[in-house]
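Several structures are given next for inspection.
Common to both upcoming complexes is chain A, partnered first by chain B, then by chain C.
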Partner chain A sequence: MITSFPKLLDAAVVTLKLLSLSLFFGLFIGLLFAILRLSKNKIINKFAYGYSYVFRGTPLLVQIFIIYFGLGQIEYFRSTFLWVVFKEPYWCAIIAFALNTGAYTSEILRSAFQTIKPGFIEAGKSLGISNKIIFYKIQIPIAIRQSLPAYGNEIILMMKGTSLASTVTLMDLTGVAKYIISTTFKPIEVFIVAGGIYLFMTFIIHNLIKFLEKKYGYSQ
Partner chain B sequence: MNIIKKFSLGLLITLFLTISANADKIKIGTEGAYPPWNSKDASGKLIGFEVELAWALCRYMGKQCVIVEQDWDGMIPALIMRKFDAIMAGMSITAERQKAISFSQGYADEVASLAVMKGSSLEGMDTPAGINLTKPNAAAKKALKTLTAALAGKTVCVQTATIHQNFLDSGDVGKVNVRTYKTQDEVNLDLASGRCDAALAAAVAFSDYAEKSGKPVVLVGPTFSGGAFGNGVGVGIRQDDTELLQAFNKAIDQARKNGDISRIATKWFGFDASM
Partner chain C sequence: MELLAFGKTGWGDELFIATLMTIAVSITAMFIGFLFALIFTPLKLSKNKFFNFIGNSYTTVIRGVPELLVIYLFFFGGSGAVMYVASIFGYNEYIEINAFITGSFAIGIISGAYSTEVFRGAIQSIDRGQFEASQVLGLKRFVYFFRVIMPQMLRLAIPNLSNVWQITLKDTSLISVTGLVEIMRQSYIAAGSTRDPLFFYSFAAVLYLLLTFLSMKLINRLEIKYSRGF
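Entry: the complex of A and B
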């Protein structure tokens, strides 16, 4: 148990890398699709809705398997330049995670945009501020602020979701824990240590979000 | 309150009855994903060499058996935690596993081999047909050197927690990039997709896949036995379960004498893999 601890900590770094990269790309995807969802154009709106519907409506495990094992089976796909990226399990995992968290993030941000009180926008308009600046300087900051609690939840869910990376051969925290178990045959001890590390990461993320909420959140 | 009490009592009785009904049955765990050793047919029924052999051994022991499915990477922990009483899952007898569980005498043995897709640069290596790693002779040592040079920097895929992974991790063929998968099916998929430069498993696992999928999978290099590859495949049993161990050993003796093991092995492997 003591000898396996450093190995698990190394693996936790892999988990954190997967998490931060997925969240980074996921946030952009989420913001993009939240804006598309607010579009008055029906086709764009439906497309954005379809994306979030598909990725929120299917299990992450299925998504990662389709992206990793599924696409790899298509011979034509393997001959395209995309295969350079999709050949690597690491990027397949990040693409799957980013698309998944992007779908949830887009919903979180969309509802945040929609709950902005019209008064804020009207106040900006009455001051003669252009629509573009209202959007960037008023709507986006307020939306991000309002979505902080829900987004914090999403980060924690995503962190636990990264454990599925081990199903596509990546040696993240869960992957290494399983590897240690396969040589020591002591599942309880190793999983408790791994679970403790996950719990600690949750603790940090939770407090970080709480801090941000306090600093930027509304006091109502 | 009364209802809850009655309900829990009923639940307890059901539980007790279920346990006692299964008490004298031997539960045998298998993976169901490693043809031809053990696999599942289209309807989800467990089939394969070990499933059929298990029924035969149970007849010799005069016991009723249940065969249950268990993921490969949790096989030994599940045995230790009494989810079942015996493992028959193509599990080779190795010193490392014997630290955790006991093994019956071996009932079958079968060599491991590297496989690549046709057209790979690894084809046509100059090695003997087979090497034994227990006491490697000069030819075997030379073959390992040839493999070390050929596999340097290559990605070799294996199922997790197998003798094949142990062998690659042991450094006998130098530093290869080992990628581990939960099942042999997934190893086969990634070998075919080109993510793996080569894969290592039981030779029959590849020929079975090549035959069923029609993919141009070819075996390369020598076949491996002995050393990290263990001493045949046996029944895994908890260390304190000496009575069951003896019963299995006796049943294997009888099944071997009557030709049952080689008959079943020939049916599933296409050759006599019994020992």
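Entry: the complex of A and C
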């Protein structure tokens, strides 16, 4: 139990890297698709809805497998420069996670944008502020504030999702835990240590979000 | 399309059976989850600090640890634990537990943690007056729980339970790591032997989408049924 701890701790760093990179890209994807969802153009709107529906309706495991095993099958794709990225399981996992969390994030942000009181935007317009500045300085800050609690949940769900990286040969926390279990046959001890590390990370994220909510929250 | 033909030439029938397996595991897991929720919801709502602690630890630990890790624990530790218990009763033969049972149990425990939270929320949002009114009327505890609280709780819980169902359905894809032949495992086998992973995994995605879409339709009907009169 004690000897496995440093190994698992190293693996936790891999998990955190996967998590932060996928959240970073996922946030951009989410923001993009949230804006597309709010568009009045029906085709764009339907496209964005389809994206979030497909990625939220299928298991993350399927998404990783399609990207990692599936895309390599296309001959043409292998000859493009994108192949440099897609042949690495590390980047495939991150792309799958980012697309997945992007779909959930877009839903969170969309509902946040929709709950902004029209009065705020009208107030901006009546002051003669341009649409662009209204969007960046009024709508986005309010939307971020509104969506913090839900986004906090999404971060924790994504952290658990990164465990699937172990299915495409990456040695993250779950991957190493599985390896140790299958070599030592001590499932319970390893589960306690690995699970403890995950719980600790959940605890930190949970409190970080609480802190941010307090800092940016406002009394209604 | 040839790849999906039924019979020996294609994978259609195999994938169809695998889909049924996914549905069977999901339903079993959801049911096991309800049983767990039935035990842990009262614990979470209890005023006794010790019971409360047990209830809270269950939901916190399970919801804070990746599903895959829980599945590995059951997969590698399950038969060991059962054999240990059996050895206390003097049974020392090797016992191997069926992948279906281990899988549904692992997913069931996860699903139960989410269901517990849903039921807790639903019970807490029922007006206190309802509890007091039943006591004033002198209803037996049993009667007042099943005839007064339960129907109202279900109405509030169904929308959130539909989320739990979706999570459970998607989580069953993880059992494929233990070798149970459900959609994901069957696609893996088919992809391996035909060297056409893109097609089979995309088809698996379509199957999952179909399952989530159809179950949403069904649940919406239930929702309408239970919110009669509101």
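Just so it is clear, the second predicted complex is superposed on the first by the 220 of 220 C-alpha atoms of A that agree within 3 Å, B and C clash if a C-alpha of one lies under 4 Å from a C-alpha of the other, contacts with A are read in each partner's own complex, and residues count from 1 in each chain.
One rule holds in what follows: a residue touches a chain if its C-beta (ideal position, glycine included) is under 8 Å from a C-beta of that chain, and two chains touch if they have at least 3 such contacts.
The structure presented is a predicted model; accordingly, all values stated were derived computationally and were not measured.
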| item | value |
| --- | --- |
| Partner chain(s) touched by A:Ala194 [first = chain B, second = chain C, both, neither] | second |
| Partner chain in contact with A:Tyr179 - chain B first, chain C second, else both or neither | first |
| Contacts of A:Lys87 with chain B and chain C, given as first, second, both or neither | first |
| First (chain B), second (chain C), both or neither touched by A:Thr101 | neither |
| Which of chain B and chain C A:Thr169 touches, first, second, both or neither | first |
| Contacts of A:Ser52 with chain B and chain C, given as first, second, both or neither | neither |
| Contacts of A:Arg78 with chain B and chain C, given as first, second, both or neither | first |
| Partner chain in contact with A:Phe69 - chain B first, chain C second, else both or neither | both |
| Per-residue contact with chain A, leading partner among chain C and chain B | C |
| First (chain B), second (chain C), both or neither touched by A:Gln146 | neither |
| Footprint overlap on chain A, comparing chain B with chain C | 69, 73, 167, 178, 181-182, 185, 187 |
| Chain B contact footprint on chain A (complex, rising order) | 69, 72-73, 78, 87, 89, 167, 169, 178-179, 181-183, 185-187 |
| Of all residues in chain B, those that touch chain A in their complex | 73-74, 76-77, 80, 96, 100-101, 157, 160-161, 179-182, 186, 189-190, 192-195 |
| Chain A-facing residues of chain C, complex | 60-61, 63-69, 72-73, 76-77, 80, 166, 170-171, 173-174, 176-177, 184, 187-188, 191, 195-198, 201-202, 204-205, 208-209, 212-213 |
| In the complex, chain A residues that touch chain C | 53-54, 57-63, 65-66, 69-71, 73-74, 156, 159-164, 166-167, 174, 177-178, 181-182, 185, 187-188, 191, 194-195, 198-199, 202-203 |
